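The structure under discussion is supplied below as structure tokens; questions concerning it will follow.
Naming follows writing order (A, B and C), and every chain is counted from residue 1.
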Amino acid sequence: MSDVRLVGLKKRFGDNAIVKGVDLEVQAGEFLVMVGPSGCGKTTLLRIIAGLETADEGEVYLGGQRVNELPPRERDVGMVFQSYALYPHMTVRENLAFGLTLRKLPRADIDARVAEAARMLELDALLDRKPKALSGGQRQRVAMGRVIVRRPRLFLFDEPLSNLDTALRVQMRGELSRLHRQLGVTMLYVTHDQVEAMTLATRVAVFNQGLLQQLGPPMELYLRPTNTFVAQFLGSPSMNLLTARRDGAHFRGAGFTLDAVGEASGEVKLGLRPQDLRVADEGPLRGEVLAVERLGFDGYAFLQTAAGPLAARFEGSSVEVGQTVAVRPLGDVLHVFSADGARALRHP
Amino acid sequence: MTRLRLFALNALLTLLCVATLYPVLWVVKLALSPTQTLSLSANPLPEAVTLDHFRAVLGSSDAQGRWLFGRQLLSSLVVSGATTLVGMSLAVTAAYALSRFRFPGKDSGLQLLLVTQMFPATLMLVPLYSLLQTLGLLDSLGGLVLVYATSSLPFCVWMLKGYFDTLPRELEEAALMDGASRWQVFVKIVLPLARPALAVTALFSFMQAWNEFILAATLLNDAARFTLPVALQRYVGEYKTEWGHFAAGALLISAPVMALFFALQRYLIGGLTAGAVKG
Amino acid sequence: MSRGARRVAASLLLLFASAALAAPLRLWHGYRGGEEEAIERIARQFTAETGLEVEALAVPYDALSSKLTSAIPHGAGPDVFIFAHERLRQFHRLKVVAPTPALETDRYLLPAVAALELDGAHYGYPLAIKCLALFVREGVAAPDSTDALERVLPAHLSPDTFGIAWEAGDFYFHAPILAGFGGQLFGADGRARFDTPEMARSLTWVKSLQDRALLPQEVSGALVKTLFNERRIAMAISGPWFASEIDPQLGYSVHPLPVVSQTGLPMSPFLGVEAAFDSARSEQAEAAQRLARYLSVGDATLQRVTLGRQIPAELAAWDDPLVSGDPLISAFRAAAERATPTPNTLEMARVWEPMKLALKAVLQGGVAPEDAGALADRRYRALNREALPQADPRPWLIALAVGVSWLLWRHARRPRQPSPETWLGLTWVAPAALGLLALVLIPFVIGLSLSLFHHEAGDYTFVGGANFVDILTSRGYRFNEPLSFYFTLAVTLLWTAVNVVLHVSLGLFLAILLKEPLLKLRAVYRVLLIVPWAVPNYITALMWKGMFHRQFGAINALLGLLGVEPVSWFTHWSTAFAANVITNTWLGFPFMMVVSLGALQSIPADLYEAAAVDGASRWAQFRHITLPLLRPALLPAVILGSVWTFNMFNIIYLVSGGEPGGGTDILVSEAFRWAFQRNEQYGFAAAYSVLIFVVLFVWSRITRRLSGEEPA
């Protein structure tokens, strides 16, 4: 059963079209991450689902019910904001209880639910503090707790981890995953960070310029991107793209020749993940090393080739800036896209 | 900062405070001196102290034996309090709508608010008088309250709108998501957060009503319902000024406003400027 | 219950009901002290005798006339009011006063009755007369002529004493002298004439007394009182009210004003007749007439004489030994025999301002006595605008219609997608919008449109743009003198600029001082420095007005400690302007200080640390960090402050009062004078207000540019 369904959603602010027609279905219990560069419309989409914005065109269904005209409080949806949006004039306890008080739940119920959420998020000791007196991670947990106590059918997250430092972010990612397993509710999560997308999601939706580019499990998107945008957006360093032309059994580009695969003909874009390339003595691609990102024994070298910039993995210690080196692919690793990058023609 | 510089700073500030307070001390002296006249002396401390002027001002009663000062104090309090209440409740909702909602006529409305402030208030007296008569509100405290409340509205709305503009919208959205209605968001989130601005705006509208006398003197016809500034006007004639009574009355009138000022002064600094600085 | 008893009960009930229904008679007066007490007593007696309730209201004298003229035509005023007769003509034209056909003219002093006559009918019941007389200290020979006066006075001169004092800058006191020199204020056509040889001679004489120090400079009522009580003058010219101010230990006598020796004519003071008038709109006209008459005769007169020390207008009172045996009261009756009733014409009301200007100019030595008449004449003609010809309203209506439809069209043309918040937004602003519409916008629009009318005595004539033409062409006076729009505008702009600069620099300076973190008493200083803001500004104004008083002001006393000669603050433009500025600065700096304090708090401290590391001096830090970062916070405050200062009526009106000669008036106070002090020329005043509005509107546009806002 689909829990969230968007049909032909459009939204513009003045002359600026932000969402240009999005169709999307989210299954119950799913953790769907919406990812894309800033300005791609993902946050606006989230806000339309929440009821904080109204769509110009299209429909929003929650649990099968059309909710376009419903105010947020009648949608049974919870949201964690990027800035946490904790009420500064209330204690943690009051923050957590606010939504329940508005619903006029019995006092005892409220207390029980607050206590439960506080235990789950390890906030027990902080209940009587004001948000001012909390650390970033603690605030983040309060913001989540505020949604948890209400037990909505749908959790919305708007870049909730972007204000935390790296270590905390890793920890919170783990907690979010655990929470999702524990509660089993549908979660919609907006981020511009592909690592969060890859680690958290059951499915990922990639957006660009107001349109949904691809929707699927993270590894499918990584392995079988439908266009160059998705291909480059997921994976780090991002996929190398080289322009080439099919010439019989070869792809020929500026200064390189590769064995052709698949059916593509004419001009194409070749996609090569840096992980699938090795710096070697011999190889079809050559270039000057501009920079080296050493992670230890291995790392990535960033080259300037005749066909453009190229990133490739290396092992050992032999790569120096300024050197001219060769690069070879490790087996059948070639992604082939149409010349304009809009279609994938072949995946390894 | 060296000890010497700190001392110099303290000395300078003390001097400035004395200079600032000198005129006030001078009024205190007038109020406590036994005469009704000014006297040529630079010394701001009274040579002889008497409470006669205070007694005379406080104890005045009219032909029917009504205690005038008490009634006038009451009517000043009622008028100023009601003005603040009415004005603020009109202003907060309007300011919030102007800050948050999109609706036609919003920008021109805001401009219009400012524009009305540029027309000299005293010259509105003539049309206002006829208008109040049409509404049957001449010689009534209610009419006075309505006029004060509306005339302070533009300023209050602008002040509050400026402050609301600086409040993060996400807080309100979070409350909406928590299940609050627009009105609940306003009452439970926005108003508590806007407390400094509310305090300052309320103080201003109270002060404006407390101090106004031209309109009150024109509209009110019963000594027992005069506001205090109108009562004070009696002591300052074109041909004769009873300085002692005037000074005592002036102190009595200023005292509540000063008390309010001191009580609210911690809000003054934030409430006045937050809008400009953050926005 | 029997039928008869029931009928009695019913009629009793009716009687009570009607007694309860009849509203009390309202009596308005401007009296204080003994006179007020007398009126209250008489009102109680009247109630006791007639069963009619009376509600007496003592209105501040300065406000009484405007309250009467605004309330009565609206049916809201008193049934009976007490006022001096000189406003009678105006009251009559504004349909404020009812005639008194039943006045027993032979019951009262003849001149008092004459003063209340208008086109053959009488208005009001005369209560009391007031005129000037000569108060002579015990042991000084009372002079009967100016020659005698000038002979007697020099004997009383010493470095610290003078001969005689009166409020020489006030035409009420100069009028008898002018009359004594044979001057006629009004020509055959009824218009005032100032530029006459008699005027010049009378002024020369007064100036000569002052030059010989026989008459002190810049005499105020308070000074006359002080000098007389301290035995530093031998005589004073004043009215009956002066008696209550004289030290009871001091012996004195009262005499008619002397004869001017050059002409042989007596100095003839104005005779003011205070009368009880009936309102033209009283709903209980008969009872009102009864009360007014009751106030003027019999026992009421005796009460007014004994308690209020009035000089009665009722003849019968003089037979009472209580009255005729009172030396003061009979002396004033003698003085009144030489007096002429103040003309109750509209022309008379126009004389005061020009004459005050001329008198002050001569006595301060700026103008020769021969030229003063011309000066007054010019001011007189400037103030008395001829009724403007009626204009055709049609072109204006067409222009209005075109304007409105253009606005509507422009509005309708703009494509607009209906926002779901429209309804919500409109509901939330509706209460405020309704209030504003009713009580701010409607008066505002009426105020704007009044500028196209000429107002005279309750009648409005449509004159089109004539008021604006008059103002902008500065008709009747040069561009560069007071009363010209351009002069006043320049003063207003200077006033605003000087004040705002002082407010901001002082406020900022104090805020920076208070920012010092090591300051332990910071909170105390801050509270003390905010005090001026908490004082109501009219109190501030009056307080400073007192402090700038030439003889008794604290400022001159302080200057005296420093060895500086007392400054006469309001006789020179620069000092009067400075006095206004000082007052307004005291009043205004705390606001800017508080704004600056708030703004300074928002500047992160590490910026200063960074600058200090970079080697920036304190001045450089101020110049390059504080100022630029304060700008966004200070600019709105400065704009608001400039609008407030531009329209700061109270300070100008109450401190300098426009002295000298209207030179320090700003646009608002000028507009106020046209509206309320110069024959209610509302239309002209409204035109002034519109121009004020235009100036501020342009200013707000400029400042929006400055603050970098795009126009909405």
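Following the convention adopted for this analysis, contacts are C-beta pairs under 8 Å (C-beta built on N, C-alpha and C of every residue); 3 or more make two chains touch, one makes a residue touch a chain.
Values in this document were obtained by computation on a predicted structure and should not be read as measured data.
> Which chain is most central here if centres come from C-alpha coordinates alone?
B
> Could you work out which chain's C-alpha centre is the most distant one from the centre of chain A?
Farthest by centroid: C.
> Per the centroid of Cα atoms for each chain, what is the distance between chain A and chain C, given in Å?
Each chain reduced to its C-alpha mean, chain A and chain C end up 75 Å apart.
> Using mean CA coordinates as chain centres, what's the chain B-chain C distance in Å?
A distance of 24 Å separates the two centres.
> Chain A to chain B: how many Å between their CA centres?
The answer is 55 Å.
> Multi-chain contacts in chain A: which residues touch at least two other chains?
As it turns out, chain A has no residue touching two or more other chains.
> For the complex, which residues does chain C have touching chain B?
26, 28, 32, 40, 43-44, 55-58, 60-63, 66-67, 70-71, 74-78, 221-222, 225-226, 241, 416, 419, 421-426, 428-429, 431-433, 435-436, 438-444, 446-448, 450, 510, 513-514, 516, 518-519, 521, 525-540, 542-544, 546-547, 549, 551-554, 556-558, 560-561, 586, 594-595, 597-599, 601-602, 632-637, 643, 647, 649, 668, 671-672, 675, 682, 685-686, 689, 692-693, 696-697, 700, 712
> What does chain B use to touch chain A in their complex?
Where chain B meets chain A, its residues are 168, 170-171, 173-181, 184, 188-189, 192-193.
> Tell me, which parts of chain A touch chain B in their complex?
50-52, 71-73, 77-79, 81-83, 85-89, 98-99, 102-103, 146-147, 150, 156
> Can you check the complex and tell me which residues of chain B touch chain C?
Residue positions touching the partner: 1, 6, 9-10, 12-13, 16-17, 20-24, 26-27, 30, 37-42, 44, 62-63, 89-91, 93-94, 96-98, 101-104, 106-107, 109-124, 126-131, 133, 135, 138-139, 146-147, 149-151, 153-154, 157, 162, 182, 207, 210-211, 213, 217-218, 221-223, 229-230, 232-234, 236-241, 243, 246, 250, 253-254, 257-258, 260-262, 265, 268-270, 272-278.
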